[in-house]
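Everything on this sheet refers to the single structure shown next.
Chain naming follows the written order as A, B, C, D and E, and within any one chain the residues start at number 1.
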Amino acid sequence: MSWFNIKGITNPLTALGQVAKKPHTIRFPYEEKPAAERYRGLHYNDIDYCIGCGNCAEICMNKAIDMVPVEGIEPKKGDSGLRPRIDNGRCCWCGLCVDVCPTGSLSLTREYIFVSPNPEDFLWMPGISNPDGKDKRSWRSNDLNFSINTYEREKMPMLDPKERVKSFAEVVLGYEEDQARREAQRCLSCGLCTEACPEHMHIPEYINAIAWGADDDSLRIIYDNNPLPETCGKVCTRRCEEVCALAKRGEPVAIRWLKRYATERALNADEIKEIVNPPIAPKNGKTVGVIGAGPAGLTVGYYLALRGFDVEIYERNSRAGGMTMYGIPKYRLPLESLDKQIEYMKKVGVKFHFNTEVGKDISFDEIYQKYDAVFIGVGLQDAWKLGIEGEDADGVWSAIHFLRRVNEGERIDVGNRVVVVGGGNTAIDASRVSRRLGAEVIMLYRRRKQDMPADWEEIEDAEAEGVQIWTQGIPVKVITDEQGKVKALRYVKAEMVPDPRGGRPRPVPIEGSETDIECTTVIAAIGQSADYSFLPEKYHDKVKMNRGRIIVNEWGQTDDPKIFAGGDAVNRVADAISAIADGYRAVKGIVRLLLGEEALKQK
Amino acid sequence: MNRAFNDRESQKILDIIKNFARKNSLFILAYGTGCGAIEIPPTITSRYDAERFGIRGAATPRQADVLLITGYLSVKTLKRVIRAYEQMQDPKYVMGFGSCTINGGMYWDSYNTIKQLDKYIPVDVYINGCMPRPEAVIAGFVKLQQLIQQGKALGWKHYKENLEWYRQNQQKVIKNWRMPDYNW
Amino acid sequence: MADLQKENLLLEVLKNHFNDKIFDLKVQRHQRVHLRTTTEQIEAVLLYLKEKLGYKHLSHISCVDWIEENRFELVYILWHPEDKINVLVKVDVDRLNPVAPNIDYIWPQANTYEREMREMFGIQFPGLVGRKELILEDWDDLPPMRRDFDTLQYVMENFEFRSGREDAQNVRETIAKRTGEEIPEFAKKYSR
Amino acid sequence: MNIWNLLLSAIVTTLLGFIIGVTYMGIRRKIVALAQNRYGPPIYQNFLDILKFWSKESNIYHGVMHHLAPLWMIAMAITILLIVPTQYGSKFFENLSFNGDLILILYLMPFGQLGMALGVGQTGNPNSAIGVTRGLSLLVGSEIPFIMALIAVMIQYHTTSVTDLVRIQQEHHTWIMFSSPFAFLAALCVLPAMFHAGPYEVIIAPAELASGPMSEFGGKYLGTMMSAGSIFMFAKLTLFVDVFMGGSTNWLWLIVKTFTVYLFVIAVGIIMPRLRTEQAIRRLWGWPLVFAILAFIQVALF
Amino acid sequence: MRKQKTTTIYLGPQHPGITGNMMVKLEVDGDTIVKAETHIGYLHRGFEKLMERRNWLQSFTIVCRICVPEPDPNEENYARGVEEIEGREVPEKARWIRMLVLELARIQAYLLWYGGQSASVGLYTIGQWSIGDRNYVLDLFEELTGGRVYHMYIWPGGVRRDLPKGFKDRVYKVMDYIEKRLDDYDRLLFDNAIFQKRAQGVGYIPPEKAIEWGVVGPPLRATGTKSDVRIDEPYEFYDQVEFVVPDFYKTSDVWARALVRRFEIRQAINIVRQVLDKMPEKGPVWNKIPNPHKWRIPRGDAYVKTESARGEFGYYVVSDGSQFPRRVHVRGPAYVHGITLLEKILVGQNISDVSMIMNSLGTCPPEMER
């Protein structure tokens, strides 16, 4: 009976004791308790770090984030120029946008108070609306373990370095299916890569197709604007991967390997034809002549053939492929692979004239008269000279000639010690080929290792194969023995001097540091130049040159409207994908010229 | 003497007094319309103690001054909210909590919640957050107090003047409109 | 984890009692048993489980819309308080003529579940009492939980979003436009 | 004493009653807040509340009785305050005290509730109706012990005038709470019920009835009711002090005494949850009634 | 005066005594309820529909909103459902952290309940204390998860972030503080004669019917049944911590349910301490998922359940093999408690006790209608 429950009355009385206590109230707004270090408040975006990839907008299930252009931020390669704008009338502060941000520029702050009578105020440009938010960043993705993105690339199976040097077998083995799926899943599909790609391939699309298991679709998308995907899949310089959003803080998506994976699904030309099955327009009666069966020429040939043109390609050598055939070692791009692609082109209707050198076997004039348009894709056939004493000695090679000879199947005796001068991809190729020929190889490069223009992957592979890289050495003299054979290479050590104009540091020889390297062969891989001797004099005022390159307009057209040009002979990048891009540009130019603007629009 | 106490002047002084009382005595209607209601108890209890500002709960719309729309409003609740709002006595204020009242928030694609609160009832202050934490709620109240002091929290007048427009919007989503007239 | 003795025993008992009236019996894992039956048999199965085997607690009745297979799948989840096993009894209901037996005389709380399914999926339970409107009010569209009801489309038709966000751009399209890249139609489904 | 003087003193008393009553309520909120580990509103908060309600621009009314209920309440409150002598020996604050006023007060006290009941009847809000029913039940519950205690005191001192009671206490330098402890205890026990505070707040019981009878009252009506409540509260406190604690001869002393009594109400309010109606009545008719009967026995014996 | 006709009273949706935005339609005879009907749907947002449109990762942000007072069991359930279908492993430390979060969530939910339950009988002081003190737990959450109420912390594969530095000490400190405060609450609430009087014998659930009626959680334990998902089907590491499930309060009324909760909040504090002691210092806390836009879960279904402060929280998760959930169906304890059970046990009760009974059952409208 609670009437006698004395405890029931007295115990509650103790509550009155609280009156004497100091209240634990936080007297906001007069006194503030800072939010926790992880508090998920308003957004902040480090505008300079942001690359506008739009992943935040994509992950947001509330569609709270818009990508909008911002004044003062110019789009460039690897930066879409757009920046996220948050609609705080949608946001739920889950922080997924932060966790998915590949650069880590987006974060949440400890600020959270935002009160306004006007609902329109709640559109908010993080980083621009709150430039002071940088010090208040709280929820960040600086620990990659907690980022939703996978930053590690799927490991590419390769031959063991010890095995590699024994033969010209292909080093890279290609992804297995599950590997490719996993790697393709990593892609965030932002499309920044497409801008860096000279050819603007549809990269996110074909990678997504792989991720979804639609390999055929993937190949079809790839063939949409690249007729040599397998070549690119193996040897592309992949500037796309440099700007990959994931590359900011991790390893980029292996775009090249994925393309390679997709192309390898088709085992031969028939299968490619079956899968890609491009619509071939009926013949339109126009004819186009192409000089040089390099990537640029092949591109022109393929896409014009698809559009109903009669295309004939003139090639000096016995095989198509140009530099990809003769300049790239077979352990990177096997012969069969190239043959498969050329075979497919023939099936589509491209005609080849091999062993037909323009200017010798057939004159340029004849071609010019015969065809409605001419495309010059001759590339760079001559090598730059070292310009040092004794370079005409026996055993001094230029890299492209060396590689060409090797690729033609010749087994060249390089002796037991080879010095390769240069730091580009060609130098690496020459070094690795020399290794395969059984020599000890030293690469001599003027600058530091981080300045080398070659791919870091290639450098690593070369080193794994036992190529020694000597840096900051400038060759000064080739020392020959009595028979005129190379005995040694003399070089000076160089120190790096910062360029006062802000360019990259220049190597300056150190007085008296001459050293000799004993060697049996010296290979110079320092650059190439073109040979335009086939072009008669009368065209020279129409086909203008600038430092060895043909000048063309935005359609790949020279001043003679009938003559188009592309490839290494035109661009200074000198890689396969740029050549393809030039070719594709010229295709459009030729279509425009011969069929008119209208035809350009209907694909 | 007459001049000093002309109507306008005395009205002004009266307004200042009135607004001072109004801003310092905000009774909130105890209606938890959505998620944000869970942060109301912390706001009005000991740790944040909104009663310092004269904010306290009122049990019925007749006694309340502020209607808190604490987040999303389902269409079914909207009907009740409109009734509650219209029962409240002028001047009355509405605070929209969080994203959902501004532009749909998390439930932007839900078939059962409204997306823009100010299409259906006038809103005086929006508070950012999903849900706004007690500090933010208090900041919202402080802002509301400022607006009242300046005589700018006039949503209730706007509502009366544009009743037609509001009715139209309300009736668009509330399909079965069985409601008493305004101020019943 | 633990051995599945009790679970297997249950399957044994059920198999013996119902023979081929139940099928797809499966021990998913420790404490989870799945089985499937037909709408004709469901009451008998549930009653047997409840009265004879002691599955006294009805945890849940769920419904899954398999629109591609033209069926609703009702899932009755029962719990045995002593044996500590969840049995998931599944029944397929024709999607075009969705009728399932009312079981609220077995468990009173089934009433709410069934009313919700009636409202959200349009499944009829003959003999079910209670207000037609449990959750929604004045709903005149398709039952909203059906797969063919598109909530976003409904929202677009009935509500408006705040303006001012029309200038949003798609990163992929912006870049493509700038570079002059033409994404072929068949590839667009792989764009994001 | 002329009529003007009377009128002036009535106005002053009402004003003082209002100010003190409202301040007490503010202090109550402050103390409750402190017990709840917080700062609470400023002490003048209730003035602002009332002022705000008075400044409301729309006032819904449901009929004449609804309109009259708050007026009824405030009239009743002021009347009681004017009858209860606030200052002993002061000519000015003598007010309307007369012989037999105690009985009149006892009659007047339920009037507020009755007026409310009539007003609420017109609002049609079931919560209000239930609240008023409860209020009347509770009134019956609390009035019986309280009236019994007062009657015991009246019998003991052979007077029906509050002024007389105060005079007796002042002259004998004793308080009735000591001379008639059982009556005091009985009255003390029902005191929270008379203030609708502590465990006896079934009438407004927010968790049950929204705010009970006031559910449909807003704006100026509510402001009036709050003012009436404050005045009434002060009147009741003064009555209690006058009857049991010897009244007072100056305002300060009155404030000290009334506030002490009020503190008791506050303290009980902090620690006690709400009783159900029937529990409340059973409780009010339990010990308080026993005390009241004991008070009668005491009167009979001495 | 007894009326012959019954009066209809609508408690809610706008009513201070109702636990959230719902309505109970009561038919009363005097003060006695003769019929009760629960109306819900005021908070229906169509979560389950929305999840069909969100991929497996995006859905995790929305599930916590299903139950506002106690979001974490939802996150836990969803994460565990996805993990079970996919067969994804969760790192050990993550599982301990999840337990920590769940128990802290239980503590804050019970503190909120203290407030609700005592406010329902008019004892506002307790509510002011306990909801104020609850903020200290929420501060811990804020520090650990970045959110005060909606944590969005437990996600498929583990948890989102590791413990901050010095976090364990602060948890210990808060636990000590709350434990001390619980004694204050006890003296004011549980020792209180009037509260005892109000609570005892009110809202009786017949124990023999309880399981059949679908009662779970504290109300079921208050009937004397030993039932708790944490021991019936131990998830995470609940089989490695010691705690007592109270089955010794057998009166099955509001009072017994209050006692069960009083007992359990202390148990929860105890579990938190054990978890902190047993949690490994180092280790991964997340098993990374693939790119969420391309993350597909194999076809399958799973029924997972968690013991929330209000009872068994079940999720029936179905995947059709795509990157979107086919169906995530929520079985909240309040779904049964707040509708069929409430309608049953309110009959014959006093109208004053409705709010008290609702609080003691833990009705939570957002979870009923989702």
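Going forward, a contact is a pair of C-beta atoms (placed from the backbone, for glycine too) under 8 Å apart; a residue touches a chain by one contact, two chains touch by 3 or more.
Being a predicted model, the structure only gives us computed values, none of them experimental.
Any chain bridging chain C and chain D, meaning touching each of them, is among A, B, E; the list is complete. Common partners of chain A and chain B, by the touch rule above, are C, D, E. Relative to chain C, the chain whose mean Cα position lies farthest away is D.
Across B-E and A-D, the chain pair carrying more C-beta contacts is B-E. Comparing the centres of all chains, each the average of its CA atoms, the largest separation from chain B belongs to A. Comparing per-chain C-alpha centres with the mean over every protein C-alpha atom, the closest match is chain E.
Centroid to centroid, with C-alpha atoms defining each point, chain D and chain E lie 44 Å apart. Centre-to-centre, using mean CA coordinates, chain C is 23 Å away from chain E.
In this assembly, the C-alpha centroid of chain A lies 53 Å from the C-alpha centroid of chain E.
A separation of 39 Å divides the Cα centre of chain B from that of chain C.
Residue numbers of chain D whose C-beta contacts span two or more other chains: 33, 35-39, 127, 206, 210, 270-272.
Shared interface positions of chain E, i.e. residues touching 2 or more other chains, are given as 15-16, 41, 44, 46, 49-50, 53, 61-62, 125, 128-129, 132, 150, 188, 192, 194, 197, 293.
Shared interface positions of chain A, i.e. residues touching 2 or more other chains, are given as 12, 15, 18, 23-25, 27, 58, 61, 87, 89, 92-93, 119, 189, 208, 212.
Which chains touch which is summed up as A-B, A-C, A-D, A-E, B-C, B-D, B-E, C-E, D-E. Residue ranges on chain B touching chain E, taken from their complex, read 29-35, 37-39, 41-42, 45-48, 57, 59-61, 72, 74, 76-77, 80, 84, 106-107, 109-113, 130-131, 133-134. Looking at the complex, you find that chain D touches chain A at residues 31, 33-39, 267, 270-272, 286-287. On the side of chain C, the complex with chain A involves touching residues 162, 164-165, 167-172, 174-176, 178-184, 186-188, 190-192. Within the complex formed with chain E, the chain A residues making contact are 2, 5, 7-9, 11-12, 14-15, 18, 24-25, 35-40, 58-59, 61, 92-96, 99-100, 108, 138-139, 145-146, 148-150, 182, 184-189, 208, 211-212. Residues of chain A touching chain D in their complex: 3, 12-13, 15-16, 18-19, 21, 23-25, 27.
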